[in-house]
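You will see subunit A twice below: alongside subunit B first, and alongside subunit C after that.
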Partner chain A sequence: MRSIMTQRFRWFPVMAILLLLGASPALAAIQGVTGTTFNLTAKADHISTPDGNSILIWGYALNNGRMQYPGPTLILNQGDTISITLTNNLPPGAGNVSILAPGQSGGTATGGVQGLITREAPPGGSVTYTFVAAQPGTYAYYSGTRPELQVEMGLVGAIIVRPAGFNETSNKIAYGHPESRYDDEFLFLLSEMDPNIHEFVEAGLMNMIDNTKYWPVYWFINGRAAPDTMLDANVPFLPTQPYNCLPTTHPGERLLMRIVNASRDLHPYHTHGNHHKVIALDGRLLESAPGAGPDLAYAAFTTSVPPGGTADGIFYWIAKAGWDIYGTDNGHDCVDADGDDLDDATHEYCPDHGKPFPVNLPHKNDTTFGAFWGGSPFLGTAEPLPPGEGGFNPNGAYFFMWHSHSEKELTNFDIFPGGMLTMMFVEPLSAPLVNP
Partner chain B sequence: MKGNRVFALPGFFLLLLFIASSPGWAAITVQCPGDTNGDAIWTGSEVRPDNTVCIHLTAGDGFIRMADGYLQYIFGFNDFTGTPPDQVMDEAMLSQQFPAPTIKVKEGQNVYLTLSNVGMVQRPDLFDAHTVHWHGFPFQTPVFDGEPMASISINMGSSLTYYYAAPDPGTYMYHCHFEATEHMQMGMLGNLYVTPRQDDLPDGTVLGSHVHHTGDRYVFNDGDGSTRYDVDYPVQILAFDPRFHDASMNVQPLPFAMMRDTYPMLNGRGYPDTVSLTPPAPPDENGGRVSQPMNSLITASRGQRILLRISSLSTVEFYTLSSPGIPMLVVGKDAKQLPAYFTTNSLTLGGGESYDVILDTADVARGTYFLYTTNLHNLSNDNEDFGGMMTEIVIN
Partner chain C sequence: MRKKILQIILIIIIAVFCLAGVSSAAEFWLRAGTFIKTMPDGVQVPMWGFARCTANFASCGALRVPGPPLIVPPGDNSLTIHLRNNLVGPYTEPVSLVIPGQAMPTDGIASSPAPVKVPDANGNLRVRSLVHETLVGSDGVYVWNPLKPGTYMYESGTHQAVQVQMGLYGPLKRDAAPGQAYSGIPFDREVVLFFSEIDPALHNAVVTDNYGPGKSMTSTMYYEPKYFLINGQPYSSATSAIPAGNAGQRVLIRFLNAGLESRVPVMDRHYMSVLAEDGNLFAHPKEQYAPLLAAGKTLDAMITPQAQGTYAVYDRMLGLTNAAASPGGMLAFLRIATAPAGAASHGQR
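Take a look at the complex of A and B:
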């Protein structure tokens, strides 16, 4: 099924890279809001999917701004007492709404009305939740009111708790241990959607919703389905889906993956390029004793986070290719003074230095080129390609697909490719990381 | 199914016509150091370089027979290592297997894997390229990763040689990544594993409390013999949606959104075919060639340690695989030794996950045991009850 599908996919990344180049350089980080007091409003609005669909969503808005999917990522500091006031501006018929923040400590709820699981904001009313962000890590928050409907409708978001001692420039750690240090961090909030439910809600046919016939056909990372995952954050034409997911790193850096499963199903999330080391589950470091560090961490090439759960993984990439990834004809050195087999600046794997590329690549007429192929097997080298081929990799970066390995989920309502996938790319050291 | 043959014949000629009329570059070309005639093996005066492995895979289409007798159209791989390159197109067209041929290499070997795209005879409307994605390869580069968005894929009638410095030992898997949802559901999936350097230690080497003897084999370079095994079996979880395959065969829109697997399998067969030492009847539609050579019958002598290299390349579901009769000692996940082993009777795998599991039969009575999915509705071959994702472990 090559003809239609690859062509359809091909021009989307053009936008991604153009937008990317237009963005002002910034450190790779997670978008969100910081503080101790938050005002969120539950509202209805629509999101867009790459197949052209528009889907009714109930979501959380920051203050009285536009609803977003997922809700604002709350970035908190360990030990802070957090207060969240939720106002219910959902349409009549949606009923009450609330927030649960699993994994947090000492939660209280005041105002509103008592619901089954927590206190809730009635239509037009408010409720205030307080808790202590006692433990660092990656968490979710979501509605505790009719969750089988309201979470599906979009009332879900992520919470990140910075550990004591964290510093954005000098001490980037995910947990209170140096082994959780990282250079770049990215959020992967995974979700899926059955548009039938949303259509019933939009038509006022709430009694038609039948969870026994749940059949998702959209899959999202941070509220976007591929290829929109790779667009810039805050693109104006996705006003209710501000977050992207386009992880980038340099050779030898530590990339922190914060995975939140905000859906009903498991999604086997696969990282091309290398394993990732799972250092924490559900906001708790995998350690044998407090303070031991992540001694129970394990490496995985695919991680399946249970519904409602979270995982933190450290991804680290260098090449051990058996050939010199910078090529043999440009006179570069591999200087390893500290004895770790890696060049002290570029993190080139010195045992492979100077080894020639091992095979001849096929003639271009016999080759199908990927949009993210830079025309050369060497990192930091871009070579010309036939007209209309490649073009989205100006720095000669190494791109790797990071995706759900339930391959059915790489579709947008019957159209391949799309869904729960994005591209991670390793930039040569000379290129800055410009994301989000 | 007569219609298939009627359709396949013009498809065959169209494919030949296309290949004959394409620019003069296309050719089956094997790159294998020391091999001069392109058959990927070393014969006569050809000298095999130390530590070198060559593999020649083809990618195309074929037919298999499900355990209930149903004919299934597939995309797949086959192994044509040893075949002269000018014969590969003739022999490989409409001749792929399911699962793909098992690839087994040693840590540190230089692996030259040539992939030749022989086209899809049943689908002359398709011009699909193919790739090999070594799933889980650590510290990979895009050029040899086989993910088509970030690299290159090989067109019909041509060859691409991948190079791998065989990495850390353990259980990986491989598949075509081109239009992954379609090509993987259609069957381009196979077992792949790497054995450790520790297997080749000198006789008498002391590994902690274990003394290595020539012939001892291990899952990992464990340093203590704790992953030693006597017999090993790759067990790959696979599943097909026949509606998807029939739509592909009949050139109909593919049901991505409605994809639902109803042929759960191990190593490309449903029970009871999983334990049959003779392959299912070769379909006439692929010229009567055997297309499902791999069984999943696990046999050992009492006292032996059985290694199960369990992987999943399911494209839709998670499956739980259970060994209720013999405890499973889990020593590795995703081709990495676990920091702490654990014992269980079941493991749950999504697509793209693997486990290395040792069954110690020292305390197990002789007899037949079962390895099967406890997602019990998958003990079926489509509408036929009692079958599906199950095999037998025979302790002699």
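Take a look at the complex of A and C:
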């Protein structure tokens, strides 16, 4: 376990070092594909789990590329008419396959064959779905064919609809209202897996599958189980799991959490560090009247999204740590002209300005370290550590675990830590955010 | 003469309506009994269920799961249910009635309801029933006064871990006013979608007296439902679509879940305006396509279908098999007809 973790984490500092060297910093944005016409192919492939397992998956591939878990995140613009053609390249015996996009309006399906819920692509065949991305928001898509098997097998994905007026640099809004604005956005597509089902499928023993004995032992965010969630996106050794989940933010910024529950169980998703404000469910702002804005939003430190549904949360972090998070010996100011108790530029919490760190840290020789400890309790400060310690937090960020609060879901087939878990980094303002 | 008769009839009608307004007491007769329910795969499951009877149990309908819908008229602010316990052995129990979300019922004599406690093997008193019991072979009376409007589930209040999942549950509604589920919530059409589950192993153990401490099945610890029902039936090729009004109508869906597990009803291509939970109206509806229907709860949701068609409703927690066989389970269809020409349409928000 340790060696696997170490090996996998090697990519994390590579990314961080690139950042330090001044490689072009990307915005913190969600990876996906944009457009109005998509060709997806359902096919089989394998994913890796951090305990070394390799699991057969049925997933959606972009065009005829490699299958990915979850399927490509479709990033659409409000008002566009969307066409998705699905081709069924699943192995013989898998049967038909389809796509449901709940929450989208004006949906029609053409081609293929009629299934129980929607039209389906038969083996080797295709079906085309059209709908209008009428309303902005976060949505799910998943197979509507034998869903208890095909959703489990991995035929799931997320849809993001950008509102009219959205601009990636000058008007980052989740919905058509300024109160849905954000600085950074991250996808949290939650899923789980019972590998027995996948093994039966792989062995050609479909008749052994019993939906009523479902017993998941893996839990994923964006198709990866921890600690792989924190690796860079598109690492070459996870070719079928391109998406990561490494939320980063700066003090005082608005981090948009797009939570999609692609699985069949509830996963109480918990944000350490602060509450998040749930502004929308299932792609609809929580508002008292159309256009009112999210006046019915509520603060939660844990959000359980019903399976198939979505929630959008705004997370916002400022330090009320009880000490000056930037340290007391570097001469920085806390200037609060607008009276919100925060420095107008850095969002430092001014009532704590100049307060010393409340305890004497023990000597390094008397301390054990975690991989994320940068050597200092002050934001943006890194201090030397003994050889082999730390290294995953080069900018001196504050970091918080964001995870399922069903604690058994923090495992990979009974091994802790893992599963539905990642770390959220509050980076100093001097560090640009890089994700994916 | 003719005019006089008409006047008398009118007076009688008015008097009846006035009486209905003030007398305000709905009264039902329910019989609890044992019956066999056949699943689509031929498996026969022993159930406990309710049957609706005419006044004073003069005649009773068939036992069913869920139990017969009890519709309390808007003008009736109290409810009396006469319960007859006709469970048959080898194993039987006293039964009772509660309505979660309403006050505990009285027996119509005592001023306040009281739980029933029985001594366990160590002599400690343990609650067996939330309210007074009706013993096998006898009749009991359960009175709710007042009865709040809304969508509710009635169920046994005795040995609930066993009796509810054995099938002793049913839907109950009282509208706030004619055509209004809650004050200010009018609807044109309503559909009840009642979710529940069956674990045949538990049922067989209970009816053969093999359930309980020291017996072959000691508790519901290993409860593992095999059948997932909507309105008492899992999906099969025999399932037919439920008529649910016309395009443009306000269609109220009353969701109830008597199962021990939560469910997420998704209606294909429709948002639901979730209005109420457990019979309590929200200040503002929630627009959702995947609402959580927690175990033991009720939800009221309004849809306004825009186009005629047959739309699937399915459990997104994926109780979609009959035992291991697919398809099956909690999959139903609502059939929306074309709006008649010239019909008033309530546009969708």
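Definition applied: the second predicted complex is superposed on the first by the 406 of 436 C-alpha atoms of A that agree within 3 Å, B and C clash if a C-alpha of one lies under 4 Å from a C-alpha of the other, contacts with A are read in each partner's own complex, and residues count from 1 in each chain.
In the analysis below, contacts are C-beta pairs under 8 Å (C-beta built on N, C-alpha and C of every residue); 3 or more make two chains touch, one makes a residue touch a chain.
These numbers come from a predicted model, not from an experiment.
Chemist: Looking at the overlay on subunit A, is there a clash between subunit B and subunit C, or do the two fit?
Modeler: Aligned on subunit A, subunit B and subunit C fit with no clash.
Chemist: Would you sort A:372 into first (subunit B), second (subunit C), both or neither based on which partner it touches?
Modeler: First partner only, subunit B.
Chemist: Can A:157 be said to touch subunit B (first), subunit C (second), both, or neither?
Modeler: So A:157 meets neither subunit B nor subunit C here.
Chemist: Taking the superposition as given, does A:270 touch the first partner, subunit B, the second, subunit C, both, or neither?
Modeler: So A:270 only meets subunit B here.
Chemist: Between subunit B and subunit C, pick out the one touching the greater number of residues of subunit A.
Modeler: Residues of subunit A touched, subunit B against subunit C: more for B.
Chemist: Applying the touch criterion given at the start, work out whether A:296 contacts subunit B, subunit C, both or neither, answering first, second, both or neither.
Modeler: A:296: touches subunit B and subunit C.
Chemist: Go through the superposed model and pick first if A:408 touches only subunit B, second if only subunit C, both, or neither.
Modeler: Only subunit B is touched by A:408; subunit C is not.
Chemist: May I ask you to decide whether A:423 touches subunit B, subunit C, both, or neither, giving the answer as first, second, both or neither?
Modeler: After superposition on chain A, A:423 lies in contact with subunit B alone.
Chemist: Rounded to the nearest Å, state the minimum C-alpha distance from subunit B to subunit C in the superposed three-chain model.
Modeler: The answer is 5 Å, the least C-alpha separation in the overlay.
Chemist: Using the superposition on chain A as set up above, list the residues of subunit A that contact both subunit B and subunit C.
Modeler: 266, 296, 304
Chemist: Can you list the subunit A residues touching subunit C in their complex?
Modeler: Touching subunit C: residues 100, 102-103, 105, 107, 116-118, 144, 146-149, 151-152, 209-213, 264-266, 281-282, 284, 286, 288, 290, 296, 304, 306-309 of subunit A.
Chemist: Once bound in the complex, which stretches of subunit B touch subunit A?
Modeler: Checking each residue of subunit B against subunit A gives 22-23, 25-26, 29, 31, 110, 112, 126-129, 135-136, 138-145, 147-155, 157-165, 167, 177-182, 184-185, 254-259, 314-318, 333-336, 338-340, 350-353.
Chemist: With touch defined as at the start, can you tell me which subunit A residues reach subunit B in the complex?
Modeler: Interface residues on the subunit A side: 1-3, 5-6, 217, 266-268, 270, 272-275, 295-302, 304, 317-323, 325, 349, 358-363, 365-373, 377, 379, 398-401, 405-408, 410-411, 413-417, 423.
Chemist: Name, in rising order, each residue of subunit C that touches subunit A in their complex.
Modeler: Listed in rising order, the residues are 224-226, 262, 264, 266, 268-269, 271, 284, 286-292, 312, 314, 316-321, 323-324, 326-327, 329, 331, 349.
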